[in-house]
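Dropping the structures in below, format is structure tokens.
Presented sequentially are two complexes of chain A, the first with chain B as partner and the second with chain C.
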Partner chain A sequence: MSEVELTRERVEDALFRAGYWLLFGIVMLPIVVVFATSFQQGEYLTFPPEGVSLRWYAQFFASAEWLSAVRDSVVIGVGAAVLSTALGVTGSLAVQRSDSTLARVLPPVILLPLLLPPVVIGLTLLIYFNRVGFGSTYLTIVIAHALWATPLVFFVMQSVFARFDWDLRDAGMDLGARPSRVFYHVVLPNVRSGVVISAVVAFIVSLQEFIMALFLKSYEVQTVPVLAWTSLQSSLTPLVSVVSAFLVGVSILGVLVSAALMNIEWLAEQL
Partner chain B sequence: MASVTLSGLRKEYGDLTAVDGLSLDVDDGELLCLLGPSGCGKSTTLRMLGGLETPTDGDVHIGGEPVTDQPPYERNTSMVFQSWALFPHKTVLENVAFGLKMDGVSEDERRERAREMLDVVEMGGFEDHDPTDLSGGQKQRVALARSLAIEPDVLLLDEPLSNLDKRLREQMQLELRNIHDAVETTFVHVTHDQNEAFTLADSIAIMNDGQIEQVGAPREVYDDPVSLFIEEFLGDTNLIEATVTETTETGVVADVALGTAVELPTGDASVAVGDDLTVSFRPEELDVERADAAADGSPSITGEITDVLYRGSTVRFYVESAGEYLFFEQSVGADSDFAVGDAVTVSWDPADLLAFAADGDRVGGGGA
Partner chain C sequence: MSESTFAWLGERIKRRDAGSVFLIAPLAAFELVFFVVPFLILVRMSLNANADPGFYQPAWTLEAYRAVLASGLYRDLVVFSFELGVIATVIAVSLALFYAYAAYRATGLRKSLLLFSIILPLLTTLVVKTYAWRPLLAPNGVLNDVLVGAGLIGSPIQFAPGIVGTVIGQVYIVFPYAVLSIYSVLSTLDWDTVEAARDLGASRPRSFLEVVVPEALPGIAVATVVSFAWSVGAYAAPSQLGSGAQTTFAMEIESLMLTQFDYPTGAAFSLLMLAAMLVVSLGVMRLLTGSIGGVEGV
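Our next item is the complex of A and B:
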């Protein structure tokens, strides 16, 4: 290889590195700002922060209002994850290896809720649930969030099932297992990581969602982003950074826990 | 153990007809090979037998019982898949015990029976292995044990040997034969490999284009093929064009493109002067001598050796006559040592020739 080519390769290499560090920086910047400002000492949200303290964290964890919002968010997140995973996994399973009309129509239809502005969905659901007299705020927000999370679960599972060896299903049925037992004994163990990842994605989507949750909130039940918005309207204190840091933290924790669960399973298989 | 009857079986996928009105009987305890080229519908037929595909039309009977509408988990058939389809997250023992578990057999008993089955296929000692760590031949044995463990009425084998190398494949063919003799279950074995079918089968059913062309004992099918398709599919042969010039009491006389007239003992088959035929000169039926050797009166042609191909244990010689080529084979070490340029006389017994009409159907009786 000539000198010129070597130099050129080095330059290209450096540009490439610069490219992905820039991308990394852009992605990380908001998180860094949020975490940095959450340790702010003063009364107002400024960047760079002045002084370091945990006073806003203390205030957050001492506030009954915030803690109840955290509880609501987690309950709704888990509910939305369970509902959308159940719907998305079974829906995707149903259209596998089928050439029926329903199997062809379902994938594009299931995408529709993602194409509608959340403002429209939120408002529509609010009117609808009021009219039918649907009481539970938990359930209405869970359903709203499942509308968004189910298509995501569905498409994650579509790609997971695309890599599944369907001869295994046939072998299971051939050996006398009814479809439900084939699913439990043969299909599920092979796609478990996909299902866990889908559930985590659904949980995080629900945790972060704001607009539908704002429309559907009640006095008793409101999620963390909704409370953050209402408290922001009165004052811009570093408390909102603490809340954001908390949401990011919970999301990361969710990913770590699911990774750990899968690793434990993997570890158990090795022993 | 059970007999199998397929009647008028059809399977369509949209515009494509995979299986087109197929009827077939398999006797109780028989090992039938469903032989045919890729895409002829043999695997689809097997899957319909196992209930993994629903026929568009026609019926499946197993042991005299109609099972056409029974799902696979209610049929007592069991399939060994081409990919073996071992459950990757279960141990070898759990794989073999799976069918028994689904049948509600107690844990101790199913482990015991799975162990016995693993011994039958000589995989004892591999109980706790992960199937993904096994070699192809070992996976094949485990898949066989898993299918046999449920004591199926009919064992279905979907080219399970096609992913193995030649030596292992031949060994497994013999073992499969032995296992069949031991378990006395009806086997339906799908393959595209005619040697495998001849080695294994009690009976061969040859498929083409979604239909059965011929069913019979291996020897019978080989000696008496009913169509040009079967003649071509079963082995290498010399197919030479011919035109009928005369009909006689015992058959016809045809001008063969080798530049000679040949008598074909086609009986009173409906062949007319001017009809085009294809005549098969099987290489093993040809007698070849140097052109200067004394003729024994058999019909013959004289030609020149143009090519000599070494094919391992045999040597294949090509003889040219009137612009057409005939090949014949000799074992390496046979002392004739023909060489390129040698003039030879190729002769045959007319009774060994097989003639086929333009539509591919066999004309009259032949060898046998």
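Our next item is the complex of A and C:
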């Protein structure tokens, strides 16, 4: 290799590295802003923040409005996670083992909500629920979020089930066990981490989603992102940074807890 | 009936567990009741007549469609939404291809950091992703301080509220999803293939364009479709980081539905927009597959 080529390769390498570290910095920047400004002192959001204080955290934990939004978000997130995991896991299992027309038509249909602008889904469900007179706001938002989370669970489980050795299940069936017992004792232990990851993803998707929740909110029930949005309409308050930092924190915690659970399981299996 | 037919039937009956019908039923019912039926009701709603204020008259009329199509304001909104969709998608997907490739090539701590930077924004709500840019892009914000300080610009530029802020915000929203779609495909690519091309004398940019990019095409296609669908429907970025000139169709829908309670017009506008998006997406797909065919033909 000639001297010129070597120099050129070195320049290319340097540019490549500079390029992705620059992008890395830009991607992280807003998250840094959120955490930094949550500790600021002044009334208005400034970056870099002036002064350090916990006053916005104190205000957050003293606010009945925000705390009830946190409760609503958690209730809806858990509901959406349970519903979409149940639907996604059973549906994926069925599609995996069946070649009926329904099993072929269903996957593209459940993918569709992810490809529509959320505003359109929000408006569609708003008209629908007004029409059929669905009482509970909790339930309507859970259903809306499940429309998004179910395809994610479904496709994660498709790849998990694809790696599962179905002869094991057939062996269980041949030995005379009922399908439910076979699922519980043979299939589930092998795909448990996939189910846990799916449920965590569904919970986080619901926790962060805001446009459908905005369309379907009621006076009594509104999620954290919706309340953050409405309070931002009036002023750029550091309180929203506290709430955002809190949301990011909860999500990271969710990921860590599920990772830890799975690792403990793995450890237990090794012992 | 021959013996083999019976054997085939028996095999089918043994293989197909009756349980799979019960397993698939809940999901199918859910999609039917909460997705397919609501959509049919949306179509029906678009055919009702609008009666002010905030009521609709049951009817079978195309009045709402006519109102949307005749409105110059709506035409401007649609044009702007598509422009934003195309610009944000092109920027996001190109940057994502580069970033996904960097993550694919990196090892150890560097790889973890790059992937972490993609996961973290996914755990952050839309509201945060857009509002955190405001102190950075405002006329008295950090970016302007840096640019003026470095002497690159004489006086501060208003990045946000404005078109620059809107595009940055929207690219930031779809970027992680685009990176993940491309990365998931790239991660199955065997590096030896690229090495082989280089051993045969291909330069590094050439081996990237002719080996890596074709391999990543399925991921690039998914990234493009998702980024485009979400950017045409952009709501949070233009309302947080845009000025009045950056009004998108999604913002107008929100106002029609939640402020003006004009359901028929909102429904008709959405359906027209979906039809337009479908046509454009199919056109893009055709273009992409056409160009792939061309490359293969060479």
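Note that in this section the second predicted complex is superposed on the first by the 242 of 271 C-alpha atoms of A that agree within 3 Å, B and C clash if a C-alpha of one lies under 4 Å from a C-alpha of the other, contacts with A are read in each partner's own complex, and residues count from 1 in each chain.
Rule of thumb we're sticking to: contacts are C-beta pairs under 8 Å (C-beta built on N, C-alpha and C of every residue); 3 or more make two chains touch, one makes a residue touch a chain.
Keep in mind that what you see is a predicted model, and the values were worked out from it rather than measured.
Of the two partner chains, chain B is the only one touched by A:N190; chain C is not.
When chain A is checked against chain B and against chain C, the one touching more of its residues turns out to be C. In the superposition on chain A, contact is made by A:S251 with chain C only, not with chain B.
Shared-chain residue A:L168: touches chain B; no touch with chain C. Of the two partner chains placed by the overlay, neither chain B nor chain C lies in contact with A:P107.
Using the contact criterion defined above for the overlaid structures, shared-chain residue A:I211 touches chain C, although it does not reach chain B. Residues common to the contacts of chain A with chain B and with chain C across the two structures: none.
Taken in their complex, chain A has these residues touching chain C: 9, 12, 16, 19-20, 23-24, 27-31, 33-34, 37, 45-48, 86-88, 90-91, 93-95, 97-98, 100, 102-103, 106, 109-110, 112-120, 122-128, 131, 143, 146-147, 150, 154, 179, 204, 207-211, 214-215, 224-225, 228-229, 232, 236, 240-241, 244, 247-248, 251-252, 255. Interface residues of chain A, counted against chain B in their complex, comprise 99, 165, 167-168, 170-178, 181, 185-186, 189-190, 269.
On chain C, the positions that touch chain A within their shared complex are 16-17, 19-21, 23-24, 26-28, 30-31, 34-39, 41-42, 45, 95, 98-99, 102, 113-114, 117-129, 131-136, 141-142, 172, 175-176, 204, 225-226, 229-230, 232-233, 235-236, 240, 250, 253-254, 257-258, 263, 266-267, 270, 273-274.
Those residues of chain B lying in contact with chain A across their complex are 14, 50-52, 71-73, 77-79, 81, 83, 85, 87-89, 98-99, 102-103, 146-147, 150.
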